[in-house]
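In the two assemblies presented below, subunit A is common to both, partnered first by subunit B and then by subunit C.
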Partner chain A sequence: MRVYHQTGFRDKWNIESFQKGIGDGIIFSPINIDADKLLALEPKLKQTGFLDPQLYLLNEAKGTLDTYPYFPGNIKPDFSTPDLDYSHIQLAELCVDYQVKNDFQYLLIPTRYYADNPSSFFIQSTDYFVTPFCDTVKEKGIDKSILLSVIVKEIMLSDEEKRNEVLNWITGHQDINGVYLIFENNFSTKQVKDFEYLLNVLRFIKVLKDNQLEIHIGYTNTEALIFSITMPASVTMGSYENLRSFGIKRFQELENGRMRAPRARLYSSKLLQWVDYQYIEAMRELMPSYEEYFDDSEYRPLMFEPEYNWHFQKPEPYKHYFHVFNNQIKSLPRRQSERIDFIKTTILNAIELYRNIEKNVLLDDDSNGSHLPTWFNVINAFQKELNG
Partner chain B sequence: MFSTEKEMSKSFERYLRANFGNTYLKEYQGLFGIPDFIFYAKRENGISIISFELKLKDWKRASKQAFRYKSFSNIAYVVLSANNANSAASNIDWFERYNIGLAKFDEDNHFEIIHKPILSVPYSGQLNSRLKDNINSCRRKFKNIDILINEIA
Partner chain C sequence: MIGACKVIKDLPKGGQKTVQLAEHPEVGSVVIKRGEIRSFTSLERIKREVELLSELKSEYYPQQYQFNIEVKKKEFEIVEDYIEGKVLREVMGDYRSSKEIFKLLSSITKGLSIIWNRNIVHRDLKPENIIIRPNGVPCIIDLGIARFIDLESLTKTISPMGPCTPIYAAPEQLTNSKALIDPRTDFFGLGIIALELFLGVHPFDPAVVGNHFSIVENIFQNKYAVESISVTKDSAMVDFASKTLQTQPYNRFRNGTMLNDFIAKYI
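So, the complex of A and B:
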């Protein structure tokens, strides 16, 4: 299973880590990197990754998105949905050409985002994106795998009719090799703790896998470990929280939107959690062996200096995470049944470690192991379904 | 019986001012969590900081918040509305384990300490210093601090 860097703001941290051999490829983010700058990047940074075209909001020119030739506003000012009727082929050609010029490993078919998908969503997506895109690839004789971007909303998982509709739509395309799945995350907690949701995600991916599609899951956080039991082709790791959980806000031009700065956290592969650094300071005071709960990396000695000035914009915690999480994913067994048992054991170990920590340090629900029992139960339930 | 936390907070502020002095900060931000009140006392051996988390109920949630305040405070108290304090009081070992204070407070300004924690060093020197920098310029007077602090280590 591969691990891609989900890039965004401060993509240089991902690029630097990738250049050190961490991660299998990079997913580039047009709102964060100018189109010409991306073209000029050295080829080996791009040849194992892909571009997320980010046409989610069609004509919203967030960041550097309008520097891309396929950005609808560059085809026609004030581009709107009706304009797709006569511009979809041009848009597809520009989007394919740009991706081919960069020589990415995969070609991505864009998708749009709606708060509530209109009834015509799938028909329009086929007509405006999938068909012209695949036709263009065929006509130009391009020999690259094609991935279909799909934003999966919670309702598409919980509502059987909607789930079948989206699954039928995805599996109905013969020219695609796989899907780039983006699970919309509206949860208020740092980790996903919803049993039904997680189990439905696993079931959803399994159907696509059963249809021989290559599965790439974007915007994953620690729950990538759970998703890994469906044996996807890849999961992602990102620096800031909005790269480890998909929300449309990141792509909107928000006015007066002063964002609250997140707190600095450190990922622990043993605890399966991002722990607020203030708790690490409490652990240092109260637990002589506190360092054992955290992974080693070249960044750790600096971060564990008492004078280290923790801040969510500092690179070390994220570069540490890339190193640790990449290793964690790479250490997973290749066989599904062994992987399931391995992750279950990892979860049980984490629960035990938390028991020790909470003898001394009282953690809040975004740093503790409150997600772990749910995760264990989800995996058990999925394992039962697999074993029929 | 308080109907809202806001009402409880107003009463508690009056109580705090009348009984301990006006050396406090209300809902001070930028640390680790936002305590309802941070009471401070400049004493000969340094500044002692006591944080308070007020709640009508849900002592467990309050205790998690109070534990955060120990990053910058010498003492952190959970103050519950008196009519909802029984369940917390029956879990006193929880408060002892984490060295968090527990008190109850009612609309008649009756404040009763159920567990008085031991004065301890804040976990984060940086946050504690940041807070003290803010407090240092203040000349306000405190009183009756011994009621809140258990100095036996």
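So, the complex of A and C:
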């Protein structure tokens, strides 16, 4: 299973890590990197990754998105849905051409975002994006795998009719090789703790795997470990929270309200959690062996210096995470049954470690192991269905 | 061409069409079909079928020779190859073991792949629409309600049921879910044919399912038999049914390649 860097703001950190051999490829983000700058990047950085075209909102020119030739506003000012009727082929050609010029490993079919998917969404997506895109690839004789981007909303997992609709739509395309799945995350907690949701995600991915589609899951956080038991082709790791959890706000020009600076956190592969630095400082005071709960990396000595000034904009915690999480994913067994057992054991070990920590330091729900019992139960339930 | 044909005899009617066996001095035995053009839609369907068959030129499909429209009389006539052989319905007993059935299916799907690759769905697969030639090669007939996915749909959205033979139809045809029609719709029909050959009875038939519903109601409820009092179930047939007779298309084989790969394992 591969691990891609989900890039965004401060993609420099991802690129530097990738150049050190961490991660299998990079998913580029047009709102964060100028189109010409991306074209000029050395080929090695692009040949194992891909571009998410980010046409979620047709006419929102967030960041550098309007530097891309396929950005609809460059085809016609004030571009809106009806304009797709006559420009979808041009848009598809521009989008394919730009991706081919960069020589990415995969070609991505863009998708749009709707708060409430209208009933015509799938028909329109086929007509405006999938068909012209695949036709262009065929006509130009391009020999690259095609991935269909799909934003999976919570209702598509919980509502049977919606789930059937989206699964029938995805699996009905004969010219795609796989899917770039983005699960929209509207949870208020740092980790996903919803049993039904997580189990439905696993079932959803399994259907697509049974259809012999290559599955790439974007915007994953620690739950990538749970998703890994469906044997996807790849998961992702990102620096800031909005790259480890998909929300459309990131692509809107005017974000509502002022952004609150998040607290710096450190990922622990042993605890399966990002722990708030204030608890790490408390652990240092109260637990002589506190370092054992965290992984080693070239960044750790600096971060564990008493005078280290924790801040969410410092690179070390994220670069440490890339290193640790990449290793964690690479250490997973290749056989599904063994992987499931391995992750269950990891969760049980983490629960045990939390018991020790909480004898001395109490943690809040975004730093403790409160997600772990649910994760264990989800994996058990999925395992039972697999064996059923 | 039609003028040079000598009519030999009347054949059983095909739908609303009269069918005659005739002899042509150059191409030999032919079939002449005549019928009424009842609407623009029916004319368009006939035209699509004729155009397709004249392009295919494959032993899996009848060769088309001529197509005439009498606008004033609102009639059409088609001259096509006479397919020697027997319809599958008459020779179902020749295919009972799973190996024999998969061998036949392999040949049928080879023929169907030709249209699936053109984004066309037959939509009316049933034993009556497959003629087994003397050399054993199946010839697939009656593409009159085939769905040309790349062309505009001719089915009215408000129709409660899409064009089909209901007892061989996939659930999406029975509910007229037009967006769901693709080759997986034909896989459902093939699943029924395969199990019918194996069991000697329609797998959704209440007599073999053991309930009081109709065949169509059982299709809606996905209740089918994989064994009967006289036929013991076969794991390959059970697996095949589980990947073709699913209510949701996403639970069936995704494409012809996956279907053919499965069949190839058992021949």
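Operating definition for what follows: the second predicted complex is superposed on the first by the 385 of 388 C-alpha atoms of A that agree within 3 Å, B and C clash if a C-alpha of one lies under 4 Å from a C-alpha of the other, contacts with A are read in each partner's own complex, and residues count from 1 in each chain.
Following the convention adopted for this analysis, contacts are C-beta pairs under 8 Å (C-beta built on N, C-alpha and C of every residue); 3 or more make two chains touch, one makes a residue touch a chain.
Note that the structure is predicted; figures quoted are calculated from it, not measured.
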In the superposed model on subunit A, is it clash or fit for subunit B and subunit C?
fit
In the superposed arrangement, does A:285 touch subunit B (first), subunit C (second), both or neither?
first
To the nearest 10 degrees, subunit B and subunit C lie apart, as seen from the C-alpha centre of subunit A, by 140
Just to be sure I read the superposition right, which of the two partners does A:212 touch: subunit B = first, subunit C = second, or both, or neither?
second
After superposition on the shared chain, which partner residues are touched by A:167: those of subunit B (first), subunit C (second), both, or neither?
second
Subunit B versus subunit C as contact partner of A:123, first or second or both or neither:
second
Nearest approach of subunit B to subunit C by C-alpha atoms in the superposition, in Å, rounded to an integer.
46
So the subunit A residues that subunit B and subunit C both touch are none
Touching residues (chain side subunit A, partner subunit B) in the complex:
276, 278, 281-282, 284-286, 306, 309, 359-365
Give the list of subunit C residues in touch with subunit A in this complex.
179-180, 182-184, 248-251, 254-255, 258
Show me the residue ranges of subunit A that touch subunit C in the complex, using the header's touch definition.
122-123, 164, 167-172, 174, 207, 210-213
Parts of subunit B lying in touch with subunit A, wherever the complex brings them together:
32, 63-65, 67-68, 70-71, 97-98, 100, 121, 123-127
